[in-house]
Structure formats: structure tokens, C-alpha cells
Amino acid sequence: MDKGLKPSLRERAGAEKQKIQGMTREKALRYIWTYYKIPIVGILVFIFLVIYFIHAFLNRPEDTILHVTFVNCYDDVSEKSDFHKEFLEYADFQETGEVIFDSNVFFDLSKDSDYANTYFQKTVAYLEAGTTDALVCQETNMKGMAKGGRILNLKDERASGIYDKYKDRIVNYTTEEGEVIPVAVDISDSPRFEGMSSYQDSEGCYLCVSAYIDQADQAEVFLDYLLKEE
Amino acid sequence: MTNSKSEAKAPAKQKMTTWEKNQLFWGWLFIIPTMLGLIILNLYPIVDTIYQSMCKTGDFGKGNIFVGFENFSRMFGDSEVWQALLNTIKYAIIEVPFSICFALVLAVLLNRKMVGRSAYRAIFFLPMIVAPAAVAMVWRWLYNSQFGLLNNLFGLKVEWISNPKIAWISIAIIGVWSILGYNIVLFISGLQEIPHDYYEAADIDGASGVQAFFNITIPLLSPTIFFVLITRVIGALQVFDLIYMVMDQSNKALPKVESLVYLFYRESFDFGDKGYGSTIVVLLLIVILIVTVFQMIGQKKWVHYE
Amino acid sequence: MHSMETKRKVERVIVHVVLIFFSIIMLVPFIWMLLTAFKSVSEATQIDPFVIFPTVWTADSFTKVWNNMNFLLLYKNTLLLIFWRVVCAVLTATLAGYAFGRLEFKGKNFMFSLVLFQMMIPAQIFIIPQYLMVSKIGMTNTIFALVFPGIVTAFGTFLLKTAYMGLPVSLEEAARLDGCNIFQSFLHIMSPLTRSSMVALGIFTAVFAYKDLMWPLVVNSSANMMPLSAALATMQGQYQSNYPQLMAASAIACVPMIVLYLVFQKQFIEGIATSGGKL
């Protein structure tokens, strides 16, 4: 076809430049806009994205010290709540970082609905990604989580502190193969839940540790807080 | 006409022509954003799934153990998986043809100039944005065997979603309903790319609407139909939400309805057996791959590009 | 000539009957949503006898929901999510679709099979690894996190490839003879002709972004970065089976989508028909 005849990029750029120089400023701008608007917009968007990225990266949240997921909790446990503030006071963490209590999780593993299924997937994602350190949940959900094996065997050395300290509160789960595994700590009688509407029924309340955790020390502090006497 | 692209390529001997070099340069430049994105977003999960399918998932913090093809041999002996595969294929056989045919006819009708065209198009768009909870509620009500609309309206006593013989059809009907709007959007966009001259010529020749439909619309729309077919087959073989939406875990028809992705979800999420769940995904992948390759080969017979 | 007229009339009536029939089928859940929103809680879940129309029409649910939820913030987040997803998806898919559909180059077929391949994997397996990526770079609770999985689209690439393949070869050859390079002929000649496919992809992307629940819920747990879908789910979790309120919230949530549709419907309906000059 036209091979060999095609002007090189530099030649064409030169020709364009000459063309533009021969025009009035307004005309030149209009010319550039008509023929080059897409590359211009593209470059602007690209620059915007880069700036946005750097901005978001610089403002990214601090590392988390502890992330606890509260399943089916209808009370306020967010940063503004007394529950959260009192825990921070109690724990008095030296390192900087956030303590997150996530109560935006609602599911019931004994039945299924389209929303519950999404929240359950969220919990699984948080566990597997190592976001969540511990779960506070009731019996059905505790057993459901144990069935999935995503909570830590408390005999594991990562949770040895908890296992030794709260031996009498440990709850076991029996797998289908008949293996008995300590998976949760009974926290139904925690004084911290008094005055809350959640976790008050006969189903009991339990704390489970994520199987994907490095060390359960922070979770242990949380457990101490929940179970400390007034 | 179709050959002119290869004609441009023909004069190439050993050295690339400028034209070919240009195509190589721009071609790669154009696909790089997409390929980079897809590789970052999706390649690792896919490789990980294939690796997981050869692992036994360690529960309670034990970590994964590589077991080779153990999961696969377990799967080959698992009748539930084969039943699920059959269910999935049965579902696709209903959903794909019906959703395509209805959507095609409706899209052609909606493409005509007539009173209320915009209103109709808006109506067909609405179901796409309704809350899934509303959709689930309505279908549960429609199918309710005692108080449901269907049974009351026609004086029937059918157990729409708890009779194992019927439930899969009921689910497929929801599938057709929920996908119809999307297919219509695709067909309308395809129809708009057909020049009107063709229809005018047909009109002068005295062709009826039906004749024009088969002789002009279908052949000219065949690339879009092919696209919808490929994506719908893949989508139908991945059916999951619908089943979750209307079927309780206690439903006795569930074994005759549950799909491969449903099984995968149950194994991977509920039972925490990611290894076996991934094995099911690999099986699904192989099935989809085979079906798609056959469609790709078959397209040469009926899909016409200009 | 007379019989021709009556034939046309009959045809038109049949067309309307068919369209009205399907319209009713398609509209049922939408109407149901509105009706439920006006009911009382007990009426909404009653099944014997089934209540179709509320005995007393009450807009309480709407006012309660509107006061409880910060809809303006939710609209903003949702619209930002939709905007960026649509822009990214249409842009990347148009470029890639053109290259796959119109150019011949080494590695093309292999790359395209990769695109197809990733469509074959059920979406559920992507969520956890993608969430890991976002959380590793510390970008959770941002708009970027919301948009992230939708930056590129295999579906859209395939759709646009199909559209480009359907265009006549002669157009591009003429452009090339006029001295256009590949980018120019893509930009000025070819891409305008696939406008209706771009619009279709835009609609799909917008609807999926709007409906996407799982991803926003996982990646943006902070209440002021949530889009509508996730906020609705949170509400559903908190108020459990208060269906009238849930439906009222869903109905309010539909508003931006309906507005968007009305604004852009001309684009969609006219499509190429106007740019083709005929009609």
C-alpha cells in the first residue's frame, strides 16, 4: 500500500507545528481542541489519577492493632461509643494504630437469605485476608464458623495465653471426624455487655480467634477487658 | 470482503511492512491497559484456584497440605457433583435459548418507529435496577404453593419450588426473566448499527416484516447474537444467586436444582473446604472451555461479519 | 392497497399487545416494591390472605428511611462509583476492542483467549484476593477501592470487539488512503460508529456498579464511603424484616438510576440512527 511513503512521526509533528503557528491564537486553540481533545483529556485524567493515588496513599489509614468483628450486634460499638473508648483506656496500647470494632455484619448460619450470604462472605474475606483478629458471635454462628475451620484451635501456640488463662471458659467443637477442638471462649456473662440489647438472649455469646492471625496477644487483651470484674 | 484484511498482510515476506509494524505497535498499545488490568486483577486468583484444587485445606489454623489429584479423584466419585453438573446444563438449556429468542423479538419490536417506544424501553430497563430483595420476595410469593399468585390465578396445586421435577424449570424461568432486559439492551445496540437502507430496499421489494427479520436482521445481527450466546452460556453455567435467592437449604428439591457454583460456594465458604471447592471450579472451567471452543468453531457457519 | 392498510393496522395492534404483555411481566417486582413500601409491617409479610394493595396507604416508611439515612452522601458515592467505572470500562474496552477486532498483530489471539478465559471463572473466587490487594496497599475506604475491580472489563472488551468486527472494511481503507494513521482512523472514523455499543456497555457497567453489593461491603466498611447498595444491606441487617422500610429505601435508591436513564436515553435510543443520516 503506502509503505515507505508514510511520513515519520517527527516529520508529521513538524508539519502540525507549522500549521498551528500559521493560525491566530484562538484558531490554534480550536484546532488543537478539535483534533487532539481525546489525548488531552486522557493526559489530564491520567495526571488527576496519579495525584489522587498519591493523595490517597499518603492518607491511608494507620495500621490496625486490633480488629474485632461483632456478628449481629445492634448496639453502637464504633469509635464514638463508650464501649470503644473504655477499651482503649483499659488497654492503653503503646504502639500507634487503630482499634476497629466492626458491627456491620449480620448473618445467621442456621438459615440463609440473600443479604446474610453477602455478610458471611464479607466475614470470610476479612478472616482470610487477615483483617479480622477475633469474632464475637452467638452459638449458631460460632458453630457455623467452626464447621468452616476458619477459627483458630485455641491449643495452638499463637493463642496459648488465652488457652491457659481461660481454661474453664473454653468451648469445644467436635468435627465430623470426631476430633474435639477448643474453638471459643464463653463471654456470655461479660459485664461489658450489660446495658446492651445485643447478646442478651439465652443463646450465649462467644469469642473466637481468627485462624489466619499471627499472634493472639491483642485479642487476649480484648478478652481480658471483656471479662474483667468491675 | 472478509479477505481484505489478509490481503493487506499478504505481501509480507520475511521483513515486516510499515503497515504491519504500525499494527503491532498500536495493537499492543491499545490492549495493554486491559491486559495489564486483567492480569493484575484476575491472574493470581485463577492460578491460586488451580493450585488450591490440589491442596487439602487445613482447618483451625493448620495450613494447606499439597495432595496432588486427591480432590479430583474424590470428585469423580462424588455423585452430587455430577448431579450438579447435570442441573447446571439443564438450567442453561432453558435459560439461554428462551432469553435470547424473547429478547431478540422484543428488541426488534422496540426498534420500530411507533407510539410509546420510549415508554416501553424505560419499562424494560426498570427491572434491572430493582432491589434484589424485592425480586426475591416477588418470586417467592408467585411460587408459594398455598397462597402464591400462580396457583391461585390458574387454580393449580403445583409445588413450584419444592417439587424436584419442576423446581429447576421454575428457577430457569426466573433466570430468563432476570436476564431478558440485559439481552434486549445488547440487541438494541446491535440493531442500531444496521444501516436503514437494507430495510428500505426490502420494503421496496415488498418483503414482509417476518421475511425482513429472517433475511436481513438475523444475518446482520449475527455477530451480536453470537456475542450474547457466548456470554449467556458462560453466565448460565455459572448460575448461583437465583438458587440462593428462592431456595431454602431445607428445600427437598435442592439436590435437583443446585448448580456447580452453588456447590463450590457451599464447599468453599460454608464448609471451609477451599481445596475441594476449587476442584469444582476447575471442573466448571473445563466444561465452559469445551462449550466455548465448540461455539467458536461453529460460528464460522452462521456468523457474518461485513 | 386497502388490505395493505388493514394488515399494517393489525400488525401494529399485535406488536402493542406483545409489548404490553411483556411489560407487565417485567414490571411486577418494581410495582411490588412500591406497594410494599406503602404497607404496614404486618401487611407486608402476611401471606394468608395475601395483601396486594395496602389497606391504608402510608408514607411513613419513606420519611423514616429518608431521615435515618444520609441519602445525599450515598447518592454521591454511588454516582462517583458509577462514573469512574463507566469511564474506565468504556475507555479501556474501546481501545482493546478495536485492536482485537480490526488489527492483525502477533500475540493477538493468545491475548484475546486470556480475555475470554477470565470470563469463565465464577466471580466469587476473585473477591478475597482482590480485597487482599486493596488492603495491602492500604486503600480500603476510598473511591479507588470501590472502582478497582471495574477498571477493566473482559465482557466489554469482547462486546466492543464484536461491534468493531461488524463494521465494513471499506471505511477504514478510505481513511488510510486519506493519510490517517491507525490512531486517527480509530478516533475519527471507527469509534464514533460503535457508539451504541459503548452506550450499551455504559448501561451494563452502571447497572452492575449500582447493584454490586459484595465488593463495596467488603472493601468500604466505613459508613461515609459506602454506596447505596451496601447501605441498604446494612439497613436490612439492622432492621431485619421491616420490609416496608427496606422497600422504601430501595425505591429511593432507584431514583438516581432512573434520572440517569432519562438523561441518557436519547443517546441510547437514537444511537447510530441519527449519525447515519437516514430517518
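Every chain is named by a letter (A, B and C) in the order it is written, and numbering of its residues begins at 1.
To be clear about the criterion, contacts are C-beta pairs under 8 Å (C-beta built on N, C-alpha and C of every residue); 3 or more make two chains touch, one makes a residue touch a chain.
Since we're looking at a predicted model, the values are computed, not measured.
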Q | Overall pattern in which the protein chains touch one another (line/ring/star/complete/other) | A | complete
Q) Pick the pair with more C-beta contacts: A-C or B-C? A) B-C
**Q.** Centroid spacing, where centroids are CA-atom means, of chain A and chain B in whole angstrom
**A.** 31
Q: Using mean C-alpha positions as chain centres, tell me how far chain A is from chain C in Å, no decimals.
A: 27
Q) Just curious, how far off is chain C from chain B if you go by their C-alpha centres, in Å? A) 16
**Q.** chain A, residues touching no fewer than two other chains
**A.** 1-2, 6, 115, 121, 124
**Q.** Multi-chain contact sites of chain B, meaning residues that touch two or more partners
**A.** 8, 132-133
Q) In chain C, which residues are in touch with two or more of the other chains? A) 124, 128, 181, 213, 236
Q. Chain B touches which residues of chain A in the complex?
A. 1-4, 6, 109, 111-115, 117, 120-121, 124, 144, 147-153, 156, 158, 175, 181, 183, 211-213
Q.
Under the stated contact criterion, what part of chain B meets chain A in this complex?
A. 8, 17-19, 57-62, 132-133, 136, 241, 244-245, 248-249, 269-272
**Q.** Sites on chain B touched by chain C in the complex
**A.** 1, 4-6, 8-9, 20, 22-24, 26-28, 30-31, 33-42, 44-46, 48-49, 102, 105-106, 109-110, 112-114, 116-118, 120-135, 137-139, 141-142, 144, 146-147, 149, 177, 180-182, 185-186, 188-190, 192-193, 195-197, 200, 209, 223-224, 226-227, 230-231, 234, 238, 240, 261, 264-265, 268, 278, 281, 284-285, 288-289, 292, 305-306
Q.
For the complex, give me every residue of chain A touching chain C.
A. 1-2, 6, 38, 45, 52-53, 56-57, 60-61, 74, 102, 104-106, 115, 118-119, 121-122, 124-126, 128-129, 131
(Q) For a test of understanding, state which residues of chain C touch chain B in their complex under the given definition. (A) 11-12, 15-16, 18-19, 22-23, 25-30, 32-33, 36, 47-50, 91-93, 95-96, 98-100, 103-108, 111, 114-126, 128-130, 133, 148-149, 151-155, 157-159, 162-163, 165-169, 173, 181-183, 186, 193-194, 196-197, 199-200, 203-204, 207, 210-211, 213, 232, 236, 243, 246-247, 250, 253-254, 257-258, 261-262, 265, 268-269, 271-273, 276, 278-279
